[in-house]
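Some notes on the structure that comes next.
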Amino acid sequence: MTKESLAQVPDLSVDLCKITLKNPVIAASGTCGFGLELMHFYHPSVLGGFSTKGLTLYPRPGNHGIRLHETRAGLMNSIGLQNPGTEVFVKEILPKIRGLTNCLIANVGGSDFDDYIEAVEMVSAADVDMIELNISCPNVKCGGMAFGIRTQDAAAIVKAVRPACKKPLMVKLSPNAHDLVEVALAVQDEGADCLSLVNTFSALAIDVYTRKPVFNNVTAGLSGPAIKPIALRMTRDVAKAVQIPVVGMGGIETGIDAIEFIMAGATAVQVGTAGMVQPDILPKIIDEMAQFMASQGISNLKEIQGII
Amino acid sequence: MTTDLYTVISNKQVAPSIFSMTVKDHLNLPVQPGQFHMLKTLAAEPLLPRPLSINDVENETLTFLYEVKGDGTKNLAALTTGQQLRITGPLGQGFNIDGIVGNARLPKVLLVAGGIGIAPFKYLARSLAKKATVSLAAGFRSNPYAIDDLKEFVDDIKIATEDGSYGVEGRVTLVFNPVDFDVVIACGPTPMMRAVKEMCKQAKVKCILSMEARMACGIGACLGCTIRTTKGMLRVCADGPVFDANEVIFND
Amino acid sequence: MTKESLAQVPDLSVDLCKITLKNPVIAASGTCGFGLELMHFYHPSVLGGFSTKGLTLYPRPGNHGIRLHETRAGLMNSIGLQNPGTEVFVKEILPKIRGLTNCLIANVGGSDFDDYIEAVEMVSAADVDMIELNISCPNVKCGGMAFGIRTQDAAAIVKAVRPACKKPLMVKLSPNAHDLVEVALAVQDEGADCLSLVNTFSALAIDVYTRKPVFNNVTAGLSGPAIKPIALRMTRDVAKAVQIPVVGMGGIETGIDAIEFIMAGATAVQVGTAGMVQPDILPKIIDEMAQFMASQGISNLKEIQGII
Amino acid sequence: MTTDLYTVISNKQVAPSIFSMTVKDHLNLPVQPGQFHMLKTLAAEPLLPRPLSINDVENETLTFLYEVKGDGTKNLAALTTGQQLRITGPLGQGFNIDGIVGNARLPKVLLVAGGIGIAPFKYLARSLAKKATVSLAAGFRSNPYAIDDLKEFVDDIKIATEDGSYGVEGRVTLVFNPVDFDVVIACGPTPMMRAVKEMCKQAKVKCILSMEARMACGIGACLGCTIRTTKGMLRVCADGPVFDANEVIFND
C-alpha cells in the first residue's frame, strides 16, 4: 500500500473513557457469553471490545421454562441472569479471557444495593477495563430493571456503586425508564463515566392455545431489528442531553445501522441479537462501516458523530 | 465449527411434511453423529436460524431430514437445487461412539425414535455399524418414514404407529424392552424421552437422550436453550444435545 | 345450518360503552381514511367499527417531506394530522359515511385546550357514536403527544374535554407516556369511558448518505408488527389497572394476534398498519378469530378476556 | 379495484437490473393507462407492497416493467413462473385519453421518459395509437431498454444517454422541443419532471406528469403519499399519479 492510500484508510478508532477502541463495535452483554465462543468464528480482538454476560455477586441458575421466543424481526428473552457469580468470574473465567480484547467490559447486575456494591467492588478490582452497570434487566424478579425505571432509584444505585467502582463506570439504561433523559442526566450527575442504551423492552407474548404467557415470568425483554427505530431515537435523545459518551444499541444488523447510531450521537455501539442470527456479523459490520466511510470520504467517525 | 453459505444439491419431500435436504459440504469439516447445524435461508424472517441434526454425511455432502412445522422449516422446504442458505456448525456434543461401544464386543444398542426424532439416527447407525448390534424402535403418529434409509445399518426394526396404520398400534414404548440391550439411545418428543428414561432406569440400562430446546445462538453464548440437569442448568446447544438420561431432570 | 350448529357459531360481539359491536375488530384511526376507501374491498359494516382520520378544529395540510418510511416489520409515519377540519367533517363527510357502521368513532386531536374542547364539542354533537381523544400523536409540533406523556397533562386535557363531550369518550394513550399505567388511571378518574392504546412509538430514522433524518420533524411514529410484543404488554398493564374497557392495538396482523390482545385484557382491538399492507385483512382477522374460537370451544370472548 | 393472489406467467430480465413480469389477469378488470398496482410477494419482509405502473394489458395478462432497487423489487425479481404474489389494483387516476386527444384530429403527443419512467408508456402509446401522433423522447443513464416494445405504437423515437453510449449524449431534455407538440406527458425522476414542466410552461404547451411518492395503503386512506399542489396536499395514489403539471409544486 502506498502512503497516499494508507492515508485514506478510514480511522474507525474511538476513545471511550480514555480507552482507545480499534473500532466502535462492541459485542453486547448476554449475547456473546464471556467471549470464548466468538473464537470459533473470529478472534474477539478484531472487535472494539465485548461485554460479558451479566454477573451477580452470587451464582444464579437463571429462569426456568422457555427462555427465548421469536417475534416479527425481534427476539424476546428471559434468561434471568444465569451466571457463575463474580468470584468464579474473577478467579476462573477472567484469566482465560483477559487476553482476548483490550476493552473487556464486565456487565454487573444485582438485586439490592449491597449485592451491587460488593459485586462491582470485586469485579472492578480485577483486571477488567470497564464496568457496565446493568440497571435495566427486565428478567429478574427483585432488582435489575427496577433500578432503571424511576430517576431517583437509578441515581441512588449509581451513587451507591460509584465509590466501589475502580474502573470507568458505564451505566446501562432501560428503554422502559419513565423519563429516560432524566435518568441519564441523574446517572451522569452521580458519576457515571459513560452510558449504554438500550437494554431490552419489556414485552409480552401469549400462547393462545394454552391461554398462558409464553414466559414463566409473564413479560420478557424484546431485542433485535424490530426495536431499532425506537432505540435510535432514544440514543439521540440521551446523547443530546448528556456530556458523557453514549454507547448505542438496539437492533443493529449492518454497518449502515451502526453509522446511524453514530450520527445520532453514539461514540460506540453494541451488537447483540444480530450476532446470534449470524455469528460472524460483527466483523462484517466493522467492514461495512469502513466501506461506508471510504465511499463517503469520512476519515474519522468524529466527523459524523452526533451530526443529526 | 464455522458459518458459511452452502449450496442446495437436492431438497425433496419424502413423506407428508417431511423433507430431506442435501447440501454441498464444501468445507468438509469433521462431524460427529448427534451434532447439529443452525440453518437459515436468506429471507429476513424468521429472524433466527433453526437447529437441525445431521441426518447423514457422505461424499462431501450433508443431509438434513426435517419436518415442516412453522415458518423456518417452511422456508427451508421452499429451497431448490442451486440456491444458497446459511449454515453454522457442526455444533454441540454428539454421540460418543467409543463411550457407547465401551469395552464390550458388539454391544447391543437400541435406538428409540419418536417421529422426526429419527433424523440423527442414520448417521449414528452408520457410525455404529460393525461396532455394535443396532436395533431401531421407531414410533410415528401415522405412516412411517425414513426407515428404509436405516435398513442398511440396523439389524432389527420395530415400528409403532399411534393410529395402528403400520406395525404395532400405540406408543413406541410398547415395542421394546430395555433389558434386551446394553444401551438405549432416544430422540423424540419430551413425553417419550421421559418414558424411555424411566423404563431404562427401572431396567438399570444405560440410557442416552438427544434433547431439544429453542435456540438463538446455537453456540453456547446466550444461555437461551438450557435444560434442568443434575449438574445445573445446561445448554442443549453446547453441553448437549446428547445427555446421559440420569442427568436430565424432566419435572419442569 | 341446523339449530345445533347455529348454537355453536362463536359469538364475537362485544359491548363497548353500551354500544354492541358485532365483533371486536375496529379499523384504526389514520389508516382507513373516513371509511370510504374500504368499500373497494368490503363493506365497513362487517367490522366492529372504524375510527376516522384524526380531526382538528381547523383544517391542517399535514407535514411536508417524506411521510412514510419502512423499518424491519414496521412503518414510520409523519402525516401530521392532515385533515379537513371538524366543520367540513360534520357537514360534508359525516353524512356520506354515517351509514357505513354502527360504531363510528371520530378521532379528535388538537394543539391546545381550546381547540380540543371546541373540536370535541362540535364533533360529539354530530351523529357519531364515540369520540377517540388522541392525546398521543407524535407527529404534530404543538400538542398531540405532549398531552399524553405526563400524567398531569393527560389528566388536565381529559378533564377539560369531558364536559364538552356528548358521546362516550375513548382516550387514546401514548406508548411514550412516562408512566402509562398512571396516565391510564388519571384519565379514567377524569371521566374517560374507555381507553385505546397504543398510538405509535416515537422513533428515528436517519439517511446516512444525506446525513439527515429521514423525516423533516426528525422523529416519527412507529407502528406495525415490530411493536406488537410491547403493545401487548402495555395493553395488559393498563387493562389490569383500570376499571373501564380497553381497546388494544399495535401490530395486529392475524386473528391469533387479536386473540392475544383479548387475552391480555382488551375488550376490542384496532388494526392499522396490517390493513394497509393488505386491504382486505380486517375481515380475514375476524374470520380467524371465529375459527380459533370454534376450534377451542370458546363461545363468547368474555371467556378468555383478560385471562392472562 | 381489488386485492387478490395472481400467478406469474413469466418474469425475465430485459436489461441490467430491469425486469418484465407478466401475470395472469384472472379478474380482467378494466385498466386505464397510467394506473398502477401494489405488488407484494408472500415474503414477510419488506412489510409494504410496492407500487408499479401498468406496462401493458393484453390477452388476459398484466405486464409490469420494473427496475430492481431494493428489497421489494429484489423479491419481485426472484419470482418464477407459477408462483403467486398479492396484487391490489388497478389504482389511481390514469391518463385521460379523451382529455389528451381533445377535439383535435391526430394531436401531436410527446411522451418523455426518464429511465424506468418509460414503464407506463407502452400501454399509453397503445391506447393513443390511431388517435394521436405519438413521439417518444427517452433518457437513460446508459444502455436504453424497452424501446423496441414501443416501436409499434410510436411514430418517432429520440434517445439520450448520459454516458453517450447511445443516441444523444446528455439529458433527455436535449432531444425535444415542446413547441413541436400539442401535449407533453412525462414520467421519470423528479429533476427531469421539474425541467419538463418548466420547458412546457415557457413554450405554453400542455404538460402532464405521472408522479411518484412512497406509499403505504395505495388506496387514498393513509395520506402518506401526498405531494404539494396548487390544490393543497394531494395523494399521488388516489388523486394521481397523473397530474396536470401546472398543479404540481416542486419546491419542496
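Each chain carries a letter (A, B, C and D) given by its place in the written order, and its residues are counted from 1.
We take it that a residue touches a chain if its C-beta (ideal position, glycine included) is under 8 Å from a C-beta of that chain, and two chains touch if they have at least 3 such contacts.
If you're wondering where the values come from, they're calculated on a predicted model, not measured in any experiment.
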item	value
Steps in the shortest chain-to-chain touch route ending at subunit D and beginning at subunit B	1
Rounded Å distance between subunit A and subunit C, as computed from the means of their C-alpha atoms	34
Geometric centre distance via CA averages, subunit C-subunit B, whole Å	47
Interface hub residues of subunit C, defined as touching at least two other chains	72-74, 225
Multi-partner residues of subunit D (each touching 2 or more other chains)	44-45
Arrangement of touching chains [line / ring / star / complete / other]	ring
Chains that touch, pairwise	A-B, A-C, B-D, C-D
Residues on subunit D engaged by subunit B in the complex (per definition of touch)	43-45, 71
Sites on subunit C touched by subunit A in the complex	71-74, 76, 178-179, 201-206, 208-209, 211-213, 218-219, 222, 225-230, 232-233, 236, 251, 256, 259-260, 263-264, 292, 296, 304, 307-308
Subunit A residues within the subunit B interface of the complex	30-33, 37-38, 40-41, 53, 61-62, 64-70, 72-75, 77, 79, 82, 224-225, 273, 275-280
Interfacial residue positions of subunit D with respect to subunit C in the complex	1-3, 40, 44-49, 86, 88, 214-226, 228, 232-233, 238, 252
